[in-house]
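Each of the next two complexes has subunit A plus one other chain: subunit B in the first, subunit C in the second.
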Partner chain A sequence: MLYQGRLKTVLITTLLAAASLSSFAVSQQETDQEKNARRKGLDISVEVKNRDSGWGDSKADMLMILRNEQGQESVREIKIKSLEQLGDGDKSLTVFNKPKDVKGSAFLSYSHAEKADDQWLYLPSLKRVKRISSRNKSGPFMGSEFSFEDFSSFEVEKYSYKYLGNEKIAAKDFFKVEQFPVDENSGYTRRVVWIDQQEYLVHKIDYYDRKNSLLKTLTYVDYQQYSGKFWRARSMQMINHQNGKSTELIWNNYTFNNGLSEGDFNRNALKRTR
Partner chain B sequence: MIDKFFGFAARHPVWVILAFLAFTILAASGAQKLVFKSDYRIFFDESNPQLTAYESMQKIYSKSDNVTFIVVPKEGDVFTREHLAGLKKLTKASWQIPYSTRVNSLTNFQYTYAEEDDLIVEDLVMDAQNLSASDISRIKQAAVNEPQLVNKIVSASGHVSVVDVSVKLPGLDPAAEVPQVAGYVRKLKDDFIAQNPGSQVYLSGMVMLNNAFAESSLEDGSTLVPAMFLIVVITIGFLLRTISGTFATVLVVVMSIAGAMGLAGWMGFFLSGASASAPTIILTLAVADCIHILASMFYEMRHGADKASAIQKSLKINLQPVFLTSITTAIGFLSMNFSEIPPYRDLGNIVAMGAMLAFIFSITIFPALLSVLPIRVKVQAEGKKNNMARLADLVITKRRLLLPVISVCVIVLAVFIPKNEINDDFVKYFDSSVPFRSATDYMQENLSGLTLLELSVKSGRAGGINDPQFLKTVDQFSDWLRGQKETDHVNTLTDVLKRLNKNMHGDDPAWYKLPETQEMAAQYLLLYEMSLPYGLDLNTQLNVDKSSTKLIATFKNLTSSQQIELGERLEAWFKSNAPQYELDTASPSFMFAHIGQKSIVSSLVGTVAALIVISIILGFALKSWRYGLISLLPNLLPAAVAFGIWALINGQIGMSLSMVIGMTLGIVVDDTVHFLSKYLHARRNNNSDAADAVHYAFAHVGGALWITTLVLVAGFTVLAQSSFKLNGDMGMLTAITILAALIIDFLFLPPLLIALDNMKNRKAAHSSDAVELPAPSQPTL
Partner chain C sequence: MSMNFLTKKAAAAALLLAFNISASEFEYSGKIGIEERYFFAGGQYEEQFEHWQTSFSVEPEFTWNWNDGVDSLVFTPFYRFDAQDEQRTHGDIRELFYIHVGDDWEFRAGIRKEFWGVTEFQHLVDVINQTDGVEGFDGEDKLGQQMLNLSLVRDWGIIDLYLLPGFRERTFPGEEGRLRGPLVVDKNNVSYESSAEDKHIDFAARWSHVLGDFDIGSYWFHGTNRDPLLTPAQNGQTLVLRQYYNQMDQLGIDVQATIDDWLWKFESIYRSTKAEDFGAVQAGFEYTYVGVFDSFTDLGLLMEYGWDSRGEAGASAGANVQNDLFLGSRIAFNDMQDSEVLMGFSTDLDHNAFSILVEASRRFGDSFKANLDFRMLQSSEYTDQLYSLKDDDHLQVSLDWYF
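Then we have the complex of A and B:
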């Protein structure tokens, strides 16, 4: 699995390098400096992906805490299962436990890098699975400040890159990389990502909206290592600078390589979640 | 002491001029610290209940400032391939408007429908260029039957539609943010018209309203206000026929204004719509002070005195009344500190400083300048009667006619005062030459008004909005709202739920009703919430824990009192139909309505109280309760007459008009003080009888009062020409009040004084008819 992951990223790197060469031919103005920034940004991002490949599948419990400017809070309780996919976005199954009136609702998503995700929702009150056809990638997940695209797995081919430089925060060295979404339905013009130079973990992301104003900042807090390999943050804090709202995710009970299969991520699996 | 000082000033005028110029420059340099704040928040104390309620609602949901493109297609049909494509492009471009958070239009409306077991959520208009005729008719059917769209985004007949952009201004620099948005929006409008020839675009919405306010004030500030100052200067020059005197007056006016504004800057004040009128008020005070001194000086010179002694004499006889006017005016304005609206306190304090500065300057640097500058006056031939003397004769001989006639006029006009309505209509602040006004009128006629109310209904518990009982109440409330005569549109969550219920049942119209259980409603909402794109989510309609929902109701353009009445009607519905839930009402226009009412009442009551206080002080200063009491009449009647006339010609009193009494307070008091003090001087010091004293007063202050009035009426009449009613109406009513004050002081006060003195005399000595003799026409000096 790990080997396959590497192979995939090598392939992508080659493709992207070729693409960048051809675009170089078109835009003569690109300087060597710009080319280097693009290549280094890509290299760092590929390394991020490589170091987090091979986890196969995962299970976790998530608490989602929504806060508004007034300080009012609301807590949602969710279980998430994910299945690592090679050559495409991951599959995930989300089961809602709280609020009580949506308990048992389940959401199945096959995320894709460049086209709309496939999504199904099971509503226990209707006892039916509904496929949702929507371009909601940029829309909020469960009314939170996280959008679907913020949740979905990081894939190298989702962005083009620009290395911005190094930054030292609290005696730790970070790469600063700018990422430009490829999908035109993305809600962002760009994201600026801080990646620590030791473990290649994302520590902070600034999101810029479609008119290129700073919209949100996501901070990863308290990284823990699981199975001796995979780092996951215990808490993710998203602050929306424009509306003053924020959402915190608190993750518990991470397990990896539970032996889940494709059969656990299809329409029938949705109804079996209880 | 004072004589010593005047002596010094007369001997060393240059030093006095330099010293006061230096002081003024130092003080005025504080003006650069003044910032103009157009934020409505400054109108409230931090603890104001309406402000806290409104701000908390803004924090719970999203703020609702908006810009509206009203797009009129060339063929009068929105539903053509070409026009829909244009709308789609405009919608996409609108996301680039600075500070925009959401764009709602016909094309990006999230249309939901069922296809077997799929729920399709997509833009109502997808690939506009390749729409078939049947696609277009499907889109039209969906649009004109969708309660969320019809009369808000698209007209029922489909001849006009709207692109509505929500804007959340950061509020860090409102003076820059609003024009920035307006500039961008205008560029989008021009682009659209260029690409879609034959179509028309109008711009409205709260941001454009704020922008129109700023632009109109700015325009008046750069054209009419300078023109007004210019007219004041020219009229002074023309009436006094002196260039040096006019120059000295203008200098004192400028120094008083610059000094007061500068001190305000040093003291950390900021400017607002209210305190920005301080310079105009200070202008009236400084002009009056200077003209009194000039007029007396000219009087002396005409009667043969040399310049130096004429100046000394003028200062001596004017010091007391000018001081009295200034101090009472200052106290009057300081009384505005009792106002609960902070900008009015600032206005009061700035003008009080300005009044005292104008006083100091007019008895120091002003005479110093006059003594340095060349001034020549023709000596008047002995025995020649001037106009004021003739007027005095007329008033005295016709007093038995004037007193009742003017009294009746005043009473009749005062009777009309209650016919005035305390009211503000922000749209009508602009006449139809202003694009914002014509855009908003067009929108009102074809779609909806500009008045929005945000209605937050609270269930009181988390997830409570999904309770079937709660939903039923909200639905009934929405229906009731739609039945109100002023309602154009209601945006409510219950419409979304009904549509989703229908979608979940294979689009069967029979299922267009509310879900029956809490779980079902919650899960529909989850489904819907999970399928919306960026910026079109439910965050504007639901709070975080889903304990409350917000309806947005759009009404015809309503005045502030209509809005307040509507707000009360909504409360009443809730009290009798759903006492278990709480309703919060707020919106920018609703807020303004409340502040407006409050500030109008507080400023009217405040200034009337100030005038009464001033009369009491005058009673002390003139050492006569009797004359203090009499001074109430010329102090209060001008405003009564002016507002009576206003009831007949307009009848709407908005925020700007409530300032008029304050605006004219100084000048009205000035008229009274000068006339009364000269009259009393003649009675007490010269032993004149009442008629003689009237003559004396006319001769000594009649000219100055006449000139001051003419100068200011001319100035404010210029301001009355503004297309911005805030300035225009204020200018007009101020001119009326100042004119009324002069008429009362000239034609009503003298007959009254004579009549009262006669009554007193009759009581005292039973000897009468002393004043029946024709009065000597020359003042005794």
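Then we have the complex of A and C:
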């Protein structure tokens, strides 16, 4: 597993280095400084991905709290299972428990590094499994301030990178990396990500909309370590600066390497989610 | 509520199993609803009620899980009380089944609902469950079907094998009920082609698979035709419709291609009975425009066409959907309350007939959901089926409480 992870890193770094070399040939203007920023941004992001590989599968309960400008709250209760895929995006099964009128509804996603994700929805009232278009990535997830895109697994190939510098916040050292989505259907022009220099964990993300103005900020709070290896934030807070709404995710009961298999992530599994 | 011998046996076995479960997880949920319909015109036929129709419904769901979810039992009874239509006061066991999950297989036994298909305006290939015709007008409400189902997951697709012991008769509005033709369907005058009658054991096998952007399904069904042949008969002094269920073999195929913002949908069946063989197709697309006018609102546009080789339904048996066009739009506001509006328009290109449908829904608080439905059914031609429903335009408001 570890070896495979390393091999993947080497491969990705080589491939992307080759890609940046070829584009260098096209844009002769790129300075050494720019090239270094690109390299370093990529290296940091690859390290983020690598430090969080080998978890096999995970299960967790999520509480999603939606708040509007007036402070009114609405709560969604969700269970998420994920299966790590080597060489491709992860598979995940999301089951809704609350609001009660959507209880049993489920969402199956095969995310991909480069092509569009495959997504299916299960509607228990009709017992119907429906394949849905994954181009809808900028749309809100369950009426929240998170989009479908924000829930898709992080894959190195989904962005191009630029290292912006270091920043010290509350006596902690962070890398600041700019990430540009490769997919033109993304709802963002760029994200600015704060990554701590010790554990390579994402602490904050600023999202810029298609007009390149600041749209949202996501903050990761209270990281916990599981299985002595994998770090997960207990709380994730997304604030929308443009509409004043916010969404908080509270994660409970994380477990890793549960022995889940492909069979837990097919269309049959989608139907037995009550 | 009709339950035949096999159903009772399955129910008894399932309940016995349930009481033997130790360390199982039990959960319940469900909904209780009130529904009010207002028909703009009085009844076209003598015994029909005039304008208002009030009803209450309850549908709890009980689930037991044990062996870490490998085994489970689901029980979903349903009951509706209708103040105006005696036949719409009805109950059903929507689900009562046991399910065992293996590594690459599943076994499901009991009363279940199974949906097949991809299109929105007509569900041609959906054949396992009988329609609960009195419950809703769109045919999407189904009666529970007793079955043994083995599902095998392979690299080349999912194979489902079904043994369906016993048959459910369709439900129809009664004498006082609206949304019916001039003659009432007699629920006591039912005959079958098979000498086993409603005990006939039906069989179905389905293969479904995902190939890139394509979701494909195909099946063969052998058994009792879910669509009854309705013929006028005398019941004492009154003329009624008697139900006849023949045997059929049906081949079905459904395909959906999900390409960018487009869903391309195709369903087709070929049905063979003693009386006739025919083919039918329902096909179209759904296009979703994400975030219209810089908002979070999604706008879906739908178009489908339905064709049937039997041609138009006239005095003889034909098809209701034989050269029909369907247009629709779905607006999802993507707000906290999941507000949604669905609009549909369908027209028979061979007749001067059309229907309009508007369905809106929204959540209130955490556990209430309100639905507002409007239906308009128009036809100026006496031969068209919709003509018999031309006075049944109505508005329906319902409120469900989820627990």
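Rule of thumb we're sticking to: the second predicted complex is superposed on the first by the 273 of 274 C-alpha atoms of A that agree within 3 Å, B and C clash if a C-alpha of one lies under 4 Å from a C-alpha of the other, contacts with A are read in each partner's own complex, and residues count from 1 in each chain.
Rule of thumb we're sticking to: contacts are C-beta pairs under 8 Å (C-beta built on N, C-alpha and C of every residue); 3 or more make two chains touch, one makes a residue touch a chain.
For clarity, every value in this text was computed on a predicted model and none was experimentally measured.
When the two complexes are overlaid on subunit A, subunit B and subunit C occupy overlapping space and clash.
Touch criterion met: A:107 reaches subunit B, while subunit C stays clear of it. Within the superposed three-chain model, A:118 lies in touch with subunit C and out of touch with subunit B [touch as defined at top]. When the shared chain is aligned, subunit C comes close enough to touch A:127, but subunit B does not.
Legend: residue contacts after superposition of the two complexes on their common chain; A:96 is shown touching subunit B, with no touch to subunit C.
Taking subunit A as the reference, the larger set of touched residues comes from B, when subunit B and subunit C are compared. Legend: residue contacts after superposition of the two complexes on their common chain; A:268 is shown touching subunit C, with no touch to subunit B.
Of the two partner chains, subunit B is the only one that A:242 touches; subunit C does not reach it.
Looking at the shared chain after the overlay, A:47 reaches neither subunit B nor subunit C. In the overlay built on the shared chain, the residue A:70 is in contact with subunit B alone; subunit C does not reach it.
Across the superposed pair, subunit B and subunit C both touch subunit A at residues 66, 68, 74, 99-102, 126, 128-136, 138-140, 143.
Contact residues of subunit A toward subunit B in the complex are 66-70, 72-74, 96, 99-102, 105, 107, 119, 121, 123-126, 128-143, 147, 185, 187, 210-211, 213, 242-245.
Across the complex, subunit B meets subunit A through its residues 56, 58-60, 62, 95-101, 115, 117-122, 168, 462-463, 466, 504, 517-524, 526-527, 529-539, 542-546. Against subunit A, the residues of subunit C that register as touching in their complex are 27, 29, 31, 61, 63, 72, 74, 99, 101, 103-104, 106, 113-115, 117-118, 140, 151, 153, 158, 208, 210, 215, 256, 258, 260-263, 288, 290-291, 296, 298, 334-338, 363, 366-367, 369, 400, 402-403. Subunit A makes touch with subunit C in their complex at residues 66, 68, 74-75, 98-103, 116, 118, 126-136, 138-140, 143, 261, 263, 266-268, 272, 274.
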